[in-house]
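So that you can tell them apart, the chains are marked A, B, C, D and E in the order they are listed, and the count of residues begins at 1 in each.
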Amino acid sequence: MESIFSLVLAKANYAAYIILMMIGLYAMIAKNNLIKKIVGMSIFQTAVILFYVSIGCKKGATIPILRHHGHPEPVGHAAENAGAHAMDAAHGAEKVVAHAVDAAHNAVHVADYINPLPHVLMLTAIVVGVATLGVALALAIRVYNTYGTLEEDEINQQLRSG
Amino acid sequence: MIWQVELIILILIIICAFAAIKVRDLLSAALLLGAYSFLMCLAWAVMGAVDVAFTEATVGAGVSTVFCVAAVFHTTRRTKD
Amino acid sequence: MKILGKLTILLCGVLLMVFAMEFPNWGDPESPASTHLSPYFIQHTMEDTAVPNIVTSVLADYRGYDTMFETTVILTAGLACFLLLRIERKKIPHRYYRHEPTGVTLRMEGEKYPKNSAVFQRMDANWVPYDFVISRTCRLIIPFIQIFALYVVAHGHHSPGGGFQGGVIMGASVILFAISHNLRTSIKNFSEKTAALFSVTGVFIYAGTGALCLLFGEVFLNYSALAPILGGDRVMARSHGILVVEIGVAVAVTAVMIWIYYNLSSAGKQDEGL
Amino acid sequence: MPMETVFSVKPFLAVLVSLIAIPGIISSRSQNIRESWTFAAAGIKLVLVLSMLPLVLNKGVVEYTVFQVFPNLGITFRVDAFGMLFALVASSLWIVTSIYSIGYMRSLDEHSQTRYFCFFAVALSATIGVAFSANLLTMYLFYEMLSLATYPLVTHHQDKEARSSGRKYLFYILGGSIGFALPAMLITYHFTGTLDFTGHGVMAGHVTSGTALVLSLMFLFGFAKVGIMPMHSWLPAAMVAPTPVSALLHAVAVVKVGAFSVVRVFTGIVGTGVLADYNISLVVCVIASFTVIVASMIALSQDELKRRLAFSTIGQLSYIVLGVALLSKSGMTGGMLHIAMHAFGKITLFFCAGAIFCATGIKYISKMKGIGRRMPITMTAFLIGSLSVVGLPPCGGFISKWYLVLGTIEAGHIAFLFVLLSSSFLNAAYFFPVFYNAFFCSPEEMLFEDKVNEAPLWCVVPLVITAGISVVLFFYPQPFLNLAKLAVQNVLGG
Amino acid sequence: MTRHLPALIIVIPLLSALVTSGSGWFNQKAPFRIAVSALLLSLLCAVLMLIQVVTTGIAMEYRMAGWAGPMGIVYVIDHLSAIVLVVITSVSCLNLVAQRKNIHAEFKDKQGAFNALYVLFTAGLIGMTATGDAFNLYVLLEIVSLSGYALIGLGNTRAPLATLNYLFLGTIGATFYLLGVGYLYIATGTLNMAELTTMIPKLMDSGVILFAFIICVTGLFVKMALFPVHGWLPDAYSQATPAAAGLIAPLTTKVTVYILIRICMTVFTPEYTFDHLDISGFIVLVAVVTIVFGSLSALAQKNVKKMLTYIIIAEVGYMVGGFFLGNRLGISGAILHIINDAAMTLALFLAAGIFIWKTGGESRSDLKGLFAKMPFTMAGFVLAALSVVGVPPTCGFFSKWYLISGGVQAGNYLFVAALIFSSLVNAVLFFRLFEIAYFEPFGEDEDHAHGHGNSHGSHHHVGALAIKEAPLDMLVPFLAACMALIVLGLYSGTIITNIIQFAIPTGVI
C-alpha cells in the first residue's frame, strides 16, 4: 500500500501532464471549432510547462531565491573570479565539484534550493505561449470575418460550394 | 510542497481543462481556460516555481484570458462542440 | 476525425506513460537535472552577478540571450497581430451618439458626424451603461497596479518577478482602463503608434545593451563590460546590467500587450472595442 | 600503345564557340548579321576541330578538365580518334546545314528564326560536347543538353501536331535518359568507382554477368536517341520539325549522338571483354538486327517521304550498334565508319526532301510523280544519297557496309550477314518507288499548276555539296577510315 | 572583429528589424532600405565566417554573455552551419530585393511591420542554424514560426485559415521538440549540444533518451512536412503573398532539415541515430512515401504555386531519406540538397512571383504564350525547372547524384527508384507548363477568373499586349538566382570536398 501510494505520488505530476497534453492534443486534432482548437493549444503548451516545472522540483528544497542579508559578502573574491569563470568555465562539471568544496563557507547549500533552470526556460515558454495565442486569435478573427463562422466543417462547406 | 494540496490542484486542473474543451459556449471556454491557468499557477507556486507561477498568473490567467474574451467578443460565442 | 484524434491521443498517451515510468522520481534531489548544471547556478549566482534571485540571474545573464529572443518573440507577436488585423479605418455605416443632457441615444448615418463635444458623446454600438462602481474602482486601483508593476520590475533581483511580470501587469493596467472605460479613450491616452514605438524601444534597450558590450570590447550581452558606465565593479555591473535589460523587457512587454489588445479587441479597426 | 596526351583548352573552346555566338545571334538587328554569327561560329568550330586532327591521327589525345565536380570525376574533355571522327562529321555538316537552313527558313518565311538559330547553336555545342567527353558524366550532361535544346527545334511550328510530337519526343528521350541511363551510370559508378572512358572498359572484374547485362541494356535503351526498338517511335514523330532540323538533328546529330553514346559506353565503360565474356554482345546483336529488319519493313509502308527516311534512319542506326556489338575488328570499323558515311548520305536525302517541300509543298511520295523532270539536280542528289544509304558503289555507304559485312564473317555470325543483306534489299525497295515516281511517271496536272523549278539556291547548293562528298568518300575514305581504324585499335588493341 | 562575427550576423538583423519597424511609422521607403542593407551585412558576415571556418578548419565558438559551456548559450559555427548561414542570408536578401514592387503594392502603409517581420524571420533562421543550445533553438524556432505565420497569413482571403492550420501543426511540432529537449534535460541535466554529445553515448540504453529522440524527430518532421503530417504546407505556402512565399518556401523546410541533421548528428551522435536505433530503414521508407506522394499530388494540381509546394514536400523526402541512409554519400547528398534546393525553390518562387505580377493569375493556363512575351523570365524558369528535374549541369543533378549513390551504396533501391520516379514526374510537370507557355498563344481567353477565388493580385492585370518582360528589379535577382543554380552545380565538387566533407563526423562511412 505504502509503495503504491508513493509510486503514484512520485509520478503523479508526470501523469497529470500527460493527461493534460492529451486533452490539448485531442482538442487540436478533433475539435471542430477554431477557438476550441486554440484553447486546446493553450492547454497543450501549458502541459509541457507543467512537465518542466516538475523536473525542477527537489524534495526538501525551497524557492530559488537565496536567503541573504544585504550585499553579498565575498564580492572582492568573486570580482576577481568572475572573468575567470567566463573565460574557462568550459569544463563546467569539474568546476562545479571544485567549487562545491570551495564554496562551503558561502553557506549556499545546493540541496536547499530548487533547480532554477527549468523555471527560466518555462518563463520563455509561457511567453511563447501567449504570443502564439495572440497570433492564433488574430487569425481566427480574420477567418471569422471572411466566412462568418468558426466551425471548420461549415467553412469547408463554403469553400467547396464557392 | 504539501502533496495533498498539490494532488487536489492537479485534479482540479484536469477537470478545468476537460471542461474548457467540452463546454458549448466559447466565452465559458475562455474563462475556464483562465481558471485552468490560474490553478496551474497555484500548482507551480506549490511546487516552488514562484517566478513561473507569477508569470502564469499575469500572462496566462490575466492577459491571455482577456485576449480570448476579446476574440470571442469579435467573433461568436456559438459552437457546436 | 474524432475517432482518429482519439486513437492518436490514446497511442501517444500510452507511449508517454510508458516512458514516464523511467523518469527519476518526482522531486528526487539525485536526478541528473538537479545534480548536473543547476548547482552551479545556485552556488555562483551571488559571486557572479550579485543577484539573489537565481531565476532572474539565469534569465537575464547566464541565459540572457534566450531572454532577448523571448522579448523578440513578444514583439513578433505584436507585429504579427498588427499586420494581420489592422485595417484602414473604413467608412462605418453608422455610429451611435448620446445626447448628454437628455440621455437620448442617436443613431447617425452618412458622412457627417458631430465632433465630440460636451453635448454629443460617441458611444460604441454594443454599449452598456457605465457602471459607476466599476469605472471608479478601476480608476482608483489602476495607479496602485502600476506602482506595483514598477515594484515588480525593480525588485526582480530579490523577489519573484522581473521585467516580464512587471511589464504584463503594467500592460494589464492599461487594458483594464480600456475595458472599464472604452477603447477610444484608451487609444487617445496611449496611442497605437506609441505602443508600437515603445515595444520596439523596449527590445532595443535589451539588444542595444548587448551591442554596447560589443563596443566595449567584450562579447555580446556581457554586462560586466559596462562597468565604466554603470558604475561599480564588474559583478555589480552585471547586476545593474540585468536591471537595465529587465526595464527593456518591461517596456516592450507592456507596449506589446497593449498593442495586441488594441488590435484583438477591435478586430483591427481601433475604433470600437471590447 | 604510345599515346601522347596534350592538355589544351581547344576541345572546350570547340564546344563553347557556338554558345558564345548566341548572345550575338539574339542581339542581331538584321537577319544577315544573325546568320553571319552562325557562320562565324560554325567556321571557327570546324577550324578548332581540324586543328586537333593531326595530333589525333598521330595517336595523340587532347585533354581538358573544366570542373572537378566529384573527387575523381569532372567535366572533362578528351579528344580521341572516335570522338574526332564524330566531331568532324558534325561540325562540317553544321556549316552545310546552316546554309541550307537559311534557304529553307527564308523561303518558307518561318517565324521565330532567331530562336531557331539559337537552339541550333546550342544543339551543336552539345553534340561536340558528347563527341569530346572524356567520361560518362560529361557525356550525360551534353546528352541532356542536346535533348532539351532540340525540343524547341522539333516543335518549331508550335501547333497541335508539334505539341504531341514534342511530348512524345521528350517522353522517350528524357524518360530513357533519366529512367535508365542515369541510374545505370550511378550503379556503374558505385561498382567501379570511375566513369572515365578507357580502352577496355571499367566494368571488368567489378560486376557479375547479370548486372553487366542489365546495365548494358539500360544504357542501350536509356540512350533512346539511338532509336533501338522499342525506344524508336519518337523519331518518326519528330519529323514534324522543319527539314533542316530533321536533317542535321535527326539524321546526324541527335541520332548519331545516341549511336555514339551507346558505342562509347559499350567500348569505354562496359568494355569489349565483358561484352564478349558474358555474351552480352549477342543479345545486343539480336536486338539490333530485329530493329534493322523491322524498321526497314515499316519504312516500306510509309508514304510521307520524311517518315520513310526516319524509319530508314532507325534501321541504319542499328547497323552501327550491330557492327560494334559484333566485336570483330572489321565490324567495329564498319560500325564507326557508318556514323560518318550514313550521315552524309542521309543528310542529302533530307535536304532533298526539304527542297522538294520548299519548292512544291509536297510531302508524300505518291504525289511526287514526275518531279524529277522539274527538279533534276535535287533528285539526282537524292539518287546518290539513297545509293549511299543502300550501300552501293560509287558512294561512301558502300565502304562502311563492306566492313560491316566483313565483320559478320570475321565474327563468325553468318546469321547477321543475312540480316545485313536482306536489309539492304529492303532499303533498295523503299527508295526505288521514289525514283520511279520522280523520273518515270508523268507529272500530274494538278500538282504543277504553277511553274515549279528547283528550290532556292541556298537549298540546292548544300545538297549538291553533301551528295558530292558522299561520292568522294567512296574514292577517298581515308580521313574517316583512318580515324575509325585508330579508334578500333584503341578498343581492341593491336 | 572576426571574433564577434557569430554575434554580429544575428544582432545586425535583429537591431535593424527594430529600427525598420520603428521607421515604418515615419517613412514608407526607409524600412525596405534598412532591411536590405541589414541582410547584406548579414550575408557579408556569413561569407566571412565561411571563409574563416574553411581556411582554419576549426569551428568558431561564441559565448553569449560571456558564459561558456553548459552555463551560458554558445554559438557554434562549424562547416555545416557556416554554409547554411550563407544560403539563408543570400536567399533572404535576394528575395527581398526581387520583391520590392510586390511588397510596395501589397503593404502600402505597413512597410515597417512587414519588413521587420521579414528580417526577424531571417534572424530567427540564422540563430537556429548557429546555436549550440537545444533550448535556444526552440526560442528561435518560435520566432521563425510566429513571423512565418504572420507573413503567410497576409496572403489572399483563404490564407488565414490555411495559416491557422499551419499554426496548430507548427505548435504541435515545436512543442514536441520542446518536450524532447525536456526529456533530454531530465536524463542528462544539460541543454548544451556539445555536452549532450559527450553524455548520450553513456546513456544509450535509456528509454528516456530514446523517447527524447523519437519526440524531437517527430516534432521536426511535423515542422518540415514529412508525409503523414504534411497537410499544412501546400495550403499555407500557396496562399501566401509572393514576397512571403519566396522567403518561406525556400528556407523553412530546408533549415528544419538542417536542424534534423544537427540534432541527429551533433546531439544524438551518428552511432546512436544510425547504429543503435534500428529506425533508419523505416524513416527512409516514410521518405520514399513522401517523395512519391508529393510528386503524384503535384501532378494533380492546376495551380502553379500549389504544384510547387507539393514539389517542396517531395524534396523534403529527398533530404530526409538521403540523411537516414546513414552513409557518407547519402548525408553529403542531403546536405548538398539543402543548399541546392533552397536555390531552386527560390528561383521557382521568384518566377511564380513574376508570373503573378505580370499576368495576375497563378493557374496553369495563365502561363499561355509567356515564352514569347517574357523570354528571359521563361529561360530562367526553364533552368530552375531543369534543376528540379535533375538535369546537369544544374545543381539539382549533383545533389541527386549523391543521394542516388548513397541509396545504391546502402543497397536501398526503393529510395533510388523513388528519386528516379520523382525526377520523371517533375519532368512531366514542368514540361506540361512549358507546353502551355510555348504552344498556346497569349490571351486566348481573356477572363482570368478561373474559379479558384483568387481575387488578389488581379489588379495588376494589364492589357494582353502590354505585357513584356518583367521589371528589371524583379528580373535581375531572379536571373541571378538562376545563374546560381549552374554555379552551384559546377562547384558542387568544391563544396563537397571543402565544406560538407568536414561537416560529417568521421565515424560515418
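Heads up, the rule we're going with is that contacts are C-beta pairs under 8 Å (C-beta built on N, C-alpha and C of every residue); 3 or more make two chains touch, one makes a residue touch a chain.
For clarity, every value in this text was computed on a predicted model and none was experimentally measured.
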Among all the other chains, which ones are in touch with both subunit B and subunit C?
A
Setting subunit E aside with everything else in place, what contact-connected groups do the chains form?
A, B, C | D
Go through the assembly and pull out the chains touching subunit B as well as subunit D.
none
Which chain has its C-alpha centroid farthest away from the centroid of subunit B?
D
Central chain, going by Cα centroids?
E
Greatest Cα-centre separation from subunit C belongs to chain D
If I count C-beta pairs in contact for every pair of chains, which pair wins?
A-C
Inter-chain centre distance, subunit D versus subunit E - centres from mean C-alpha coordinates, in Å:
43
Go ahead and note the Å separation of the Cα centroids belonging to subunit A and subunit C.
18
Between subunit C and subunit E, centroid-to-centroid distance (C-alpha), Å:
32
Specify, in ascending order, the residues of subunit B that touch 2 or more different other chains.
1, 50-51, 55, 59, 63, 67, 70-71, 74
So which stretches of subunit E touch two or more other chains?
63, 66-67, 70-71, 135, 139, 142, 146, 149-150, 153, 160, 185-186, 191
Residue list for subunit C, restricted to those that touch at least two other chains:
16, 23, 27, 31, 33-34, 36-38, 40-41, 53, 55, 59, 63, 66, 70, 73, 76-77, 80, 84, 160, 164, 222, 224, 260, 264, 267
So the touching chain pairs work out to A-B, A-C, A-E, B-C, C-E, D-E
In their complex, what parts of subunit A are in touch with subunit C?
9-15, 18-19, 21-22, 25-26, 29-30, 54-61, 63-68, 71-72, 74-75, 77-79, 81-83, 85-86, 92-93, 95-96, 99-100, 103, 106, 108, 110-111, 113, 115-121, 123-124, 127-128, 130-132, 134-135, 137-139, 141-142, 145
Residue numbers of subunit B touching subunit A in their complex, please.
1, 3, 6-7, 10, 13-14, 17-18, 20-21, 26, 29-30, 33, 36-37, 40, 43-44, 47-52, 55-56, 59-60, 63-64, 67-68, 70-72, 74-76, 79-81
Subunit C - residues contacting subunit A, complex:
1-2, 4-6, 8-10, 12-13, 16-17, 20-21, 23, 25-29, 31, 33-34, 36-48, 50, 52-55, 58-59, 63, 66-67, 70, 73-74, 76-78, 80-81, 84-85, 158-160, 164, 222, 224, 233-236, 238, 260, 263-264, 267-268
In their complex, what parts of subunit A are in touch with subunit B?
9, 12-13, 16, 19-20, 23-24, 26-27, 31-33, 35-36, 38-40, 42-43, 46, 49-50, 53-54, 56-57, 59, 61-65, 114, 118-119, 122-123, 126-127, 129-130, 133-134, 137, 140-141, 144, 149-151
Please give the residue numbers of subunit B that touch subunit C in the complex, ascending.
1, 50-51, 53-55, 58-59, 62-63, 66-67, 69-71, 73-74
